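See the structures that follow.
After this come two complexes, each holding chain A, first together with chain B and then together with chain C.
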Partner chain A sequence: MLALPPAPTAPARRQVFVGTALAITAATTLLGGMLATWLQFRADAPLRESPRRGLIRDWMPEKIVVPEVATNMMLIGLCVVCIMAQWAVYSAKRADRTHAGLAFGLTALFGLMVVNAQVFTWTQMGVAANDGAFHTMFYAITGTMTLLLVVGIVFTAVAAFRFLGGRTKELEVVSASALYWYFLTAAFTAVWFVVYVQK
Partner chain B sequence: MITTGSKFLYGLGSATSIAAILWFIANDGGSIGVVSLAFLAVALFFMGAIASFVRDGHVLSTDTDAHASSNAAQRNVGRSWFPVGTAFSAGMVAIGLVSSPGIFKVGICLLFAMLGQWLIKNWSDRASSDVAYNEKVRAWVVHPLEIPVGGAIILAIIVLSFSRIMLSLSKESGLIVFSVMAALVLTFGSMVSVRRGANRRVIGAVAGVVLVALSGTGIAFALDGERHELVEAAAEDHFAHRACGEEAEETDEDAARSVSAKSSVAATVILRDGRLFAEMDGWNGELTSITLQRSNPSTILFVNEDDHEHRMVVEYGKIVEDLGGGVSKDTVLEACTSLITKGGTQAVSIVIPKPSFASEEPYSITVPGVEGASIEIQVP
Partner chain C sequence: MTSIDTHHAAGTAAAPPAVAIWITSADHKQVGRLYAGTGLVGLLAGLVLAVLVAFERIDAEGYQLLDTDSATQVLAAARLLLTFGAVAPLLLGLAVAIVPLQLGARSLALPRLAAGGFWMWLTGLGLAVASIIANGGPGGGSSEMVDLYLLGTIVMSSGLLMTATSVATSVLTTRAPGMGLLRAPLFAWSALVGSVTMLLALPVFVGTSIYLWVDHKYARAAFGGNVGVSDWAGWALSQPFTYLLAIPALGMVLDIVPVMGRTSLAQRTGAYVALGIVSIATLATVTQTMVTLPWDGDSFFDNAGDKIADLLPWGLLTVIPLLGVLGVLGTSALTMKNGKPRVAAPLVFAMHGLLTIVLGVAAHILGSIDDAGVRGSIFEAGTYVAITFGSVTVAFGALCYWGPKLWGRRIPDKAALPLALLALLATALGSIPYMIAGFADQPAGALDGFAYDGPQELWNTLTTAGFALMLLTSLGFIALAAKSFTSGEAAGDDPWDGQTLEWATSSPPPADNFSDLAVVGSATPLLDLKSASNGKDA
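Up next is the complex of A and B:
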């Protein structure tokens, strides 16, 4: 059996951090393209008479009602997630495992709350994906956003396992996780404004 | 100080912002270009900020302590196709989700394979400081799985390609083509085996070229479609076609004309002098109505004592299948013997699923071409 010296320990090269930034860039352009298509679809829609607002663009079926409390809670929840994620970074830098663990748990919990609110929104709106262009685009955008949120929860779980599992010196993944939640909040703000507010 | 990478990204971001403004002016506020370009600009500015934050991964020349740990001082990571393969597989999964379950399944398999390979490659790269040893370690772990699976895939490609060629060529030309191909393989194999120390690379290259040519031909023939007779046969659905008519068909050639004495016969149906009747154990005389069990196999023996060739046909209802969308498919439950000559005997075994009163059509035994030859079947 050959007995060679182990490979030298690679110094931190911020691969996870820069990789996360690249993924964020890709997701930003993806969501940007989807929102641009959504806005173009709205702009191209024909006009119809509304009893309350007069002539409006007929792009969203009249019967669909957006549960605004749930969607607003999603935005507020994501703002809270950012604070929790930053708290995790703060605690991790100080090797405070208790607070870091608590912060990771709350980050994931609030993330799950946002996903739950999204599912609630879908069920309340009762939109079938194949009922028309609006319906398909609605699920495409909100579905992509939900997928990104789920990735965020998994990312947080990975960061938590690594840090709480003993890799307390590897803070990059914790910072990258927080960066990802900042991105999610910014991205959801755009989705929230275009899809849920500008009806 | 703004780093070089940041400058590039900020510049691109600025140019994209200007493009967004120009688009807005030129297209009278058209949202698709403006929003897309604005998001792209945000993404580029963000990447610029990240590049500034990590200082492009560089360290200052005066920071001598950091020189040993700088990126430039690190050993290069070995080249690997697995990240690209993983991305390709993930794309395949996404495409398969919206197009075809087959593509999705292949994508999932590829994705797991690529991720596994990537994982092992990553692990082996850190096994030691010796690159050659690391590669050997990877081979120890992966080759026991990689070589058989790779061989199976290549074999599957060869078999599939051959099958597409066989299905496309006519029977006559197929014989010639495959004889020539077999002769070529034999000649090449003989040459390799006779000449000692043949260059392995040359053999590998020739085998690779042949594999590519074979799979390419297979793909070309698959796109061209199967030969005319097979297309016709597929359209006709030979499996759904039962030779139960009066005329002789392919299935009547060389059919068995005798039945084993051990066959547990429920009833014997005899055609004699243009009359059809049945005989059953425990019943006297010629019967025109017989009783069979439900949901159990029943063997009915047909004896032809007529001068001409005849067959017996047993009809026992039909199954109505709901295909959805208001479309239904009727399948007649029918069994028949081959055409048999005078003195010949043949049996059919049937399982009748429903009692006869539950069927709209009466259950019967008939002989095509013989007027009035019919026996009623009662199933309690």
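Up next is the complex of A and C:
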């Protein structure tokens, strides 16, 4: 068999980071497609007179009230999560286990806070899933978003366990989890605007 | 001093059972074999149902084997199995098994993700098929089973997405030193393009299925209940989504042709571009729109402004992908003209498959012109058959070609060649009569109760014969592959006189593929090495 010239050991390319970026691409088209369908249904809804806003699309039933404090806090919470996730990357690069551990913990905690706020929003809005098109689509899109948030918390936990468990040279998972939180924040901003603001 | 060794002696630990190895392995060759093997089983199941459907269409005055309630479900099951149970796993599985070898990598990137993806895909497909059997699926009568079908398609697609992520990451991060993206073998490049397009298009299907599932389970207010499943999610079982699944097949052809032609690939850069161009069809897929062209006969140029507005999206999303496929065909033809092609099963399968894919893509363009009058007719089924059977035929060629790297032995050429000819006949019979019947207004999706001027029984009989022939071809090929998998002479490390890195390791490759990493200086490192070696000998 012919032999090719041997190569020196190549520096590891960032597989987890690139894989995460590709997964984020897929998640973006998932949410993008769902938001596009939502907007299409909203655009096809008939017009109705609103006492406060004049002529509007009859999409979200009038009796449903969005708890704006909770939804806005979710958005702010996610912005804080990004700062915490980046702090974890910063600390991990400096092999500062104490601060990295704190940052991982706060990232997961704020992530849980966002999930909690979502559950609170569901209970406060009192939307019955079997009441109509808006209702089922509302649960489908916010449920998918919540699932992606839970994945982010698990991802952070995995990164934390790996780093704090001693794999302090493998920073790629830490930066990949931060990238994922940046994506979640951007994705939730779109969902927040379309579902909770524009309604 | 006496010491007691409390450790197990090396080699005395019992090896795990073979089934456990198959189930738990994250070795890319094993995962690829699992995908390809189950893809072949899915192909047989899909073809049996397709024969049943085609047979029902012969006599349109009543059902012979099916009934009104089950017809839609059998039709959906046939397409689901052929698209997501055969074409997708066959092509993705070959990519999982072969691409790391082509890249000179020791393993697939994120191998557990790919292995997990396989089991998720299999579970999801199993759930979807089981739900159809239990009166679920599109148009199904059992509410719970329709929900299960939708859940199954979500799980199945998520599995494919996981594996596609692994394949794309491999091509981007595990190439041998010196191998830039434009030095990657064409199959590896097509696997990257195909995986990325899958990552862009399939999540839209998943999102739609989530909506359908929640709506069907709780309210049935937005998406039309069980009947709406086909309306909203049927695009994933039709064109142009099938183009995206076929992209790796085009790359396989471009790797097989120069080796069989004993020459270098002509217009290599053009081939990379051509494969990229096909992926433009993704745009039409993710927007879930059928881009059509109102021709209006003689008055076409009466309102030029409106016509340009129609022509632009139609040209971009429908015609340009054909240019990509034609580019692959042109490159292959030029390469064979420059070389001295040997008539071997991989080449014959690959070229037949490519020609039928070209036929399907070209027919789709014709079908998208409003004035052709075939929208809503069975013409679409003809284009679907051409692209699907074409992809499967190329996959057969790829299994003949890369068999040595998958299981260490070659599929006998003499036995496989007649099957390649049979596959061509089967595809022609399975697709062209449907296209003709489409012009006579035979409706799509109807198995009974239609009538039109012309020999409708003849067209449907020919199609049934085509499907039956494809079933026979597939059975024969699987028997040959199974025989070669279990017995026969070893193929040798480089039986085809290959040009890319997979032929630089043993057949089948060891667990970590290569003993040493290689430096690559061109797109055909082995060809260069052989040329240099021959020069020295002379």
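Definition applied: the second predicted complex is superposed on the first by the 188 of 199 C-alpha atoms of A that agree within 3 Å, B and C clash if a C-alpha of one lies under 4 Å from a C-alpha of the other, contacts with A are read in each partner's own complex, and residues count from 1 in each chain.
Keep this in mind: a residue touches a chain if its C-beta (ideal position, glycine included) is under 8 Å from a C-beta of that chain, and two chains touch if they have at least 3 such contacts.
Treat the numbers as computed from the prediction; the structure is a model and nothing was measured.
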{"item": "Partner chain(s) touched by A:P61 [first = chain B, second = chain C, both, neither]", "value": "neither"}
{"item": "Partner chain(s) touched by A:G126 [first = chain B, second = chain C, both, neither]", "value": "neither"}
{"item": "Touching partner for A:A43 - first (chain B), second (chain C), both, neither", "value": "first"}
{"item": "Chain B versus chain C as contact partner of A:A23, first or second or both or neither", "value": "second"}
{"item": "Of chain C and chain B, partner touching more chain A residues", "value": "C"}
{"item": "Which superposed partner A:Y139 touches (first chain B, second chain C, both, neither)", "value": "second"}
{"item": "Which of chain B and chain C A:G166 touches, first, second, both or neither", "value": "neither"}
{"item": "Contacts of A:L31 with chain B and chain C, given as first, second, both or neither", "value": "both"}
{"item": "Where chain A meets both chain C and chain B, residue numbers", "value": "2, 4-8, 10, 13-14, 18, 22, 25, 29, 31-33, 37"}
{"item": "Contacting residues of chain B [partner chain A, same complex]", "value": "30-36, 38-40, 42-44, 46-47, 50, 54, 57, 69, 71, 74-75, 125-130, 133-134"}
{"item": "Sites on chain A touched by chain B in the complex", "value": "2, 4-8, 10-11, 13-14, 17-18, 21-22, 24-25, 28-29, 31-33, 35-37, 39-40, 43"}
{"item": "Residue ranges of chain A touching chain C (in the complex, touch as defined)", "value": "1-10, 13-16, 18-19, 22-23, 25-27, 29-34, 37, 41, 129-133, 135-137, 139-140, 143-144"}
{"item": "Chain A-facing residues of chain C, complex", "value": "109-110, 113, 161, 165-166, 168-169, 172-174, 176-178, 196, 199-204, 206-208, 210-211, 213-215, 218-219, 221-222, 286, 493-494, 501, 504, 506, 516-520, 525-526, 529-530, 533"}
